[in-house]
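In the two complexes that follow, subunit A is the common piece, with subunit B as its partner first and subunit C second.
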Partner chain A sequence: MEKIKQRLEALCKIPTVSGHESLYFDQILNTLTEEEKNSLDEIKNDSFGNLILVKKSIKENAPTLMLDAHLDVIGFMVTDVCDGGFLKVASVGGIDTRVLPATHVYINGKERIFGVITSTPPHLRKGESSVPDVEDLMVDTGYSKEKLEEIVSIGDTISFSPMYTPLLNNYVSATGLDDKSCACAILDFITSVDKKDLEYNVYGVLSAQEETGKWGPARVAFDLDPDVAIITDVNFAKQKGVADDESIECGKGPSVDISSLCNRKLTKNLIKLFKDNDLDFQIICEPGRTGTNNDAVSISGQGIRTAVLSLPLKAMHTPSEVVKLDDIKTLSRAFTLIATSKEAL
Partner chain B sequence: MIDLLKKLMLTPSVSGREDKIREVIKSQVSPYVDEVITDPVGNLIAHKKGNGKKIMFCAHMDEIGFFVTYITDKGFIKISPVGGVNLTSASFTEVISENGVDGVIVPEKSEDTLKAESMYIDIGARTKKQAESKVSLGDFFVVKPSIKKLMNQRYVGRPFDDRVGCAILIEALKEVKTDNDLYFVFSIQEEVGGRGAKPVTYTVRPDIGIALDVTGTGDKPGATPLAIELGKGCAIKLKDSSVICAPSLVKDMQRIAKENGIKYQNEVLPYGGTDTAGIQVTAGGCLAGAISIPSAYIHSSVEMIDMVDVKEAVKLTVSLANNL
Partner chain C sequence: MKELLKLNKDLCTLFGPSGNEDLISERIKELITPYKLDNAELFFDKVGNLYYHIPKENAPRLMINAHMDEVGFMVTSIQGDGTLSFGTVGGFDTIILPSKKVICENGLRGVILSKPIHLISRKARKKPIEVEDLVIDIGAESKEEAEKLVSIGDYFTFDLPYVEFGEGLICSKALDDRLGCAIMVKLIMDIKDQKIDIPYDLYFAFTCREELGYSSCFGASERIKPDYAIIIESKAVSDLYGVSEERQVAKLGNGGVISFADCGTIFDRDLIKHIMALCENNGIKYQVNQYVSGGNDSANIQRSAGGAKVSVISSASRYIHSSSNVIHKTDIESIYKTVLSVLTDKNPLK
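Showing the complex of A and B:
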């Protein structure tokens, strides 16, 4: 568990705003030890910005299993550098604008500098909506315009400041847990599983641009044409303000998503496998689209057999998302069960 | 360059009906490439063979306009818009059909929000029969193409979107000198959702794909805030509503622009979409970016560009083709 905790903290602090993942591959790979890297057959990336870790079975003609978690996080892009050291911004991905005013951010310019999103004090709000549009907000840096222009250019990304706070009972609150939690589970699994046990050639994909349109892993799936792809992402955890029938519970393991865009037989196989091995899991129904990378991967190329596993997450798309570490560990164990079982897929 | 632009702009071809403009472009590019292919959906692919990187440049040859949906008993022509036509600008202007029939476009009554379904084209016919002798259902009309020089290096008219991109590609093609494997693509149906760029990217499977299209400006009264000005150079796209360009390619484009003394602006567009998005995500994906030409009043009858920006865009296209 300690290993997962440390890796997750390191991953959450890397500002992989959608479209800019490739700038941070070195930092992502630095979360692996040399020994872990050497246990892999290949580490590669593609032109789209997907990072791909490969561990092959020693068996001949083993089928291909693709695992996907997206590496990108929501954030902003600088659209103008203005007088008084303010930045105009556009949002990248579906940010919850209710929580933006007075939030701490990092501006990823020539160097990384600190900023605060502007906020109108409650005393001065005259019956205006408390939910601002991104266009109504600016980022305050405290620099002069001239100094700021030396550091920040139009098009630089802005990310939430990399907060990471352990809570009680193995919960953590951090920015970017969507979907670094699942990426952490893939890294934990693929670096620890023994090649000799693998029934499949495993491609762990840390994919690009989920938050801006689920674009990344469908490119990998097109070129790789895997026998099966398992997509992992976060899902709504039960908490105040979230209905029971639209959520899963923290601490009860990943959910198997039942959706028309997932392969039915594969989904059933996974449920049986998890039951037979006493793995904690939940079921969530997404009758149509799942809202994850699955929706693009399943129709990539000639069509690909897919299933979705999702992790319960509270306060989604805010700077303070919350996840329970035990669920990440369970997801990693689910990967091991799948990859080492001949019947799984 | 202006003569070429005129020739391209005065050949109306709305989305889905690119035949005429394709023939014009084909005759322009043929002398400078190894082969010219029209793909099954109608994209024109001009291939200049080489052993280096496979680079695809893409400008769309379609334009916005109207399709004829119905002819009334009195001989008035009802229409449906093709692409995001600015109806305020289109109303009470002269239009011309694909067969050269003149007319005017008129809203039925003056309302704050114009709808295409309550607008009609009057070609002067007295009866349905008379109108039908000149116009058939499914024919297209466009707001009359025009091009006129204003002060400085500025030109106004339509459709600069995206004949200016096509003209830049044709000019660049004459000047490139490289071993890179170049595909100059003139795509169909961009205005109705970037439909041509996707299949052509699948066919070509480039290493790098670069779209050329117009972008908005923020320097006019009441414009959406945007750090782009007419006459300050061509723009290198970082983002629009449909795409986030590959950061490594953007860096290379900026570097090559600087090394070659090309004036450019960085474009972070909070709206709009271009062929860039389709190029980036088709098949296994590729490094995708765009050169944008600042244009005021896009999709109106008075689109405005600055030739300074156009010339810089030609230089950038040539430099990228040679040095990427």
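Showing the complex of A and C:
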């Protein structure tokens, strides 16, 4: 668990705002030890910005298993540098403007500089308190415009301050746990599984631009045409105000998502595999679209056999999401079960 | 300047929401005790205000005041799932609460949870989240587990780092009004170190519960019965890009804000003019508020006992009453110099 904790903390600190993932591949790979890197057959990336880690079975003609977690996180892009050192911004991905005022951010310019999202005090505002539009928000950098223009350019990304905070019972609160938690599980699995045990050639995909349209891994699936693709993403955990039928629970393992856009046989096989091996898991129904990379991957190329495993996460898309580390560990174990048996097929 | 900023950081990072200022007052006492003059008194009153009195006979009585408390939260009930419902202590714009990290007086860390945007209807997304819909998540998984660690009535405050950023700015919780406390501590140190002869019967009052309106400062000024009082505070300003000049109130970096009026007090004209003249003569930066807003302990002091002549000198502060107040370092220094000029005045007030 300590290893997962450290890896997750390191991943959360890397500001992979959608569309800018490839700038940080070195930093992502630095979270692996030399030994872990050497255990892989290949580390590659594509022109779209997906990072792909390959570990092959020693068996001949092994089928292909693709695992996907997205590497990108929501954030902002600078649209204007204004007088007084304020930045106007546009959102990248589904930003929740109800939770932003007074939030700490970092601007990824020539240097990485600190900023605060502005808010107007109640007594200086006209009318009732209201949720600002993204266009009304600014980032306060504390620089003069002239100095700021030397550091920041229009188009630079802005990410939430990582602030990784351990809570009780192996819960952590940090930014970008969507979907670094699942990426962490893929890295944990693929670096630790023994090649001799693999029934598949495994392609761990840390994919790009999920938050801005779920475009990344479909490109990989097109080239790879895997026999099985497992898409992993976060899902709504039970918390105040969230109904039971739209959520799963933290601490009870990943969920198998039952959706019309997932392969039914593969989904059933996974459920049986997990039951037979006493793995903690849950079921959630997504009757229509899953809202994950699954939907695009499933129609990639000539069609891909897909299933979705999702991790319970509280306060999704806020600067302080909450996950339980045990669930990440269980997801990693689920990958091992899938990759070391033929039952999924 | 360096020492002043160090004191400021020291005090800002301490835990002290209104009604729970002991950690602050004990630290301040510890800081000033080595600098206590032989004839001076250092004492607490029965409600927790801390005083440092340098007596002088046949001189006007001057009170310098800052409040020790900060805004915060109080646990009001523990939910079945182990999360904590809370109420706010002090005035909050609740829009700044969701997803902020918080810390309990016992060091337990938490985060203020809000419901994911995906599960909110489009229309409701424009409505600010109410405090009733928020909980603090400490990671406890049941009511029983949470109850072992937290009780109803426990305080929380923000748990975000103290950051120096940009060209001379500071971002922290509790700058309102620990910066005032830090300036007073530094002045007390200087009086001893520089053997300053004060032309007043001087009281420094570090007071409690300002953020609630029903301030303990009232009792402090009833006790002191000052002729004059100078309040060192933090003032909400909005000197942001796109805000009209008059609505900005004041600007960061332009010196202490000497208010002629706010929503609670019309300040004493003679005292203000006297302080402004001292600034002019000593080349100290100051500014006047361009918009009447806010309020502070000045009103309580002005109306206590037989009445007092009051002036407030504030640090212009953006995003006040949040996890992330922003002020300019040089303003702390300007305010310090302004008050020091009053204490070293060659033509003191009568």
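One rule holds for everything that comes next: the second predicted complex is superposed on the first by the 340 of 345 C-alpha atoms of A that agree within 3 Å, B and C clash if a C-alpha of one lies under 4 Å from a C-alpha of the other, contacts with A are read in each partner's own complex, and residues count from 1 in each chain.
In the analysis below, contacts are C-beta pairs under 8 Å (C-beta built on N, C-alpha and C of every residue); 3 or more make two chains touch, one makes a residue touch a chain.
Everything quoted here is computed from the prediction, not taken from an experiment.
In the three-chain model built by superposing on subunit A, subunit B fits alongside subunit C with no clash. After overlaying the two complexes on the shared chain, residue contacts for A:167 are found with subunit C alone; subunit B is out of touch. In the superposition on chain A, contact is made by A:130 with subunit C only, not with subunit B. Look at A:47: by the touch rule set out above, it reaches subunit B but stays clear of subunit C.
In the superposed model, A:209 makes contact with subunit B only, not with subunit C.
With both structures placed on the common chain, the touch criterion links A:282 to neither subunit B nor subunit C.
With both structures placed on the common chain, the touch criterion links A:85 to subunit C but leaves subunit B unconnected. Applying the stated contact rule after C-alpha superposition, one finds that A:218 touches subunit B and leaves subunit C untouched. When subunit A is checked against subunit B and against subunit C, the one touching more of its residues turns out to be C. Across the overlaid pair of complexes, the angle with its corner at the CA centre of subunit A and arms to subunit B and subunit C is 100°, in steps of 10.
Superposed on chain A, the gap between subunit B and subunit C at their nearest CA atoms measures out to 13 angstrom in whole units.
Looking at the complex, you find that subunit A touches subunit C at residues 82-86, 94, 96-99, 101-104, 113-116, 118-124, 129-131, 138, 140-144, 147, 163, 165-171, 173, 236, 238-242, 246, 251, 291, 314-320, 322. On subunit C, the positions that touch subunit A within their shared complex are 79, 81, 83, 91, 93-96, 98-101, 108-119, 125-129, 133-135, 137-141, 145, 149, 159-161, 163, 165-169, 171, 236, 238-243, 247, 249, 263, 291, 293-294, 318-324, 326. Listing the residues of subunit B that touch subunit A in their complex gives 207, 225-227, 238-239, 244-248, 250, 266, 268, 270, 280-281, 283-287. Considering their complex, residues 18-20, 22-23, 46-49, 77-80, 88, 90, 92, 135, 153-155, 209, 212-213, 215, 218-220, 222-223 of subunit A touch subunit B.
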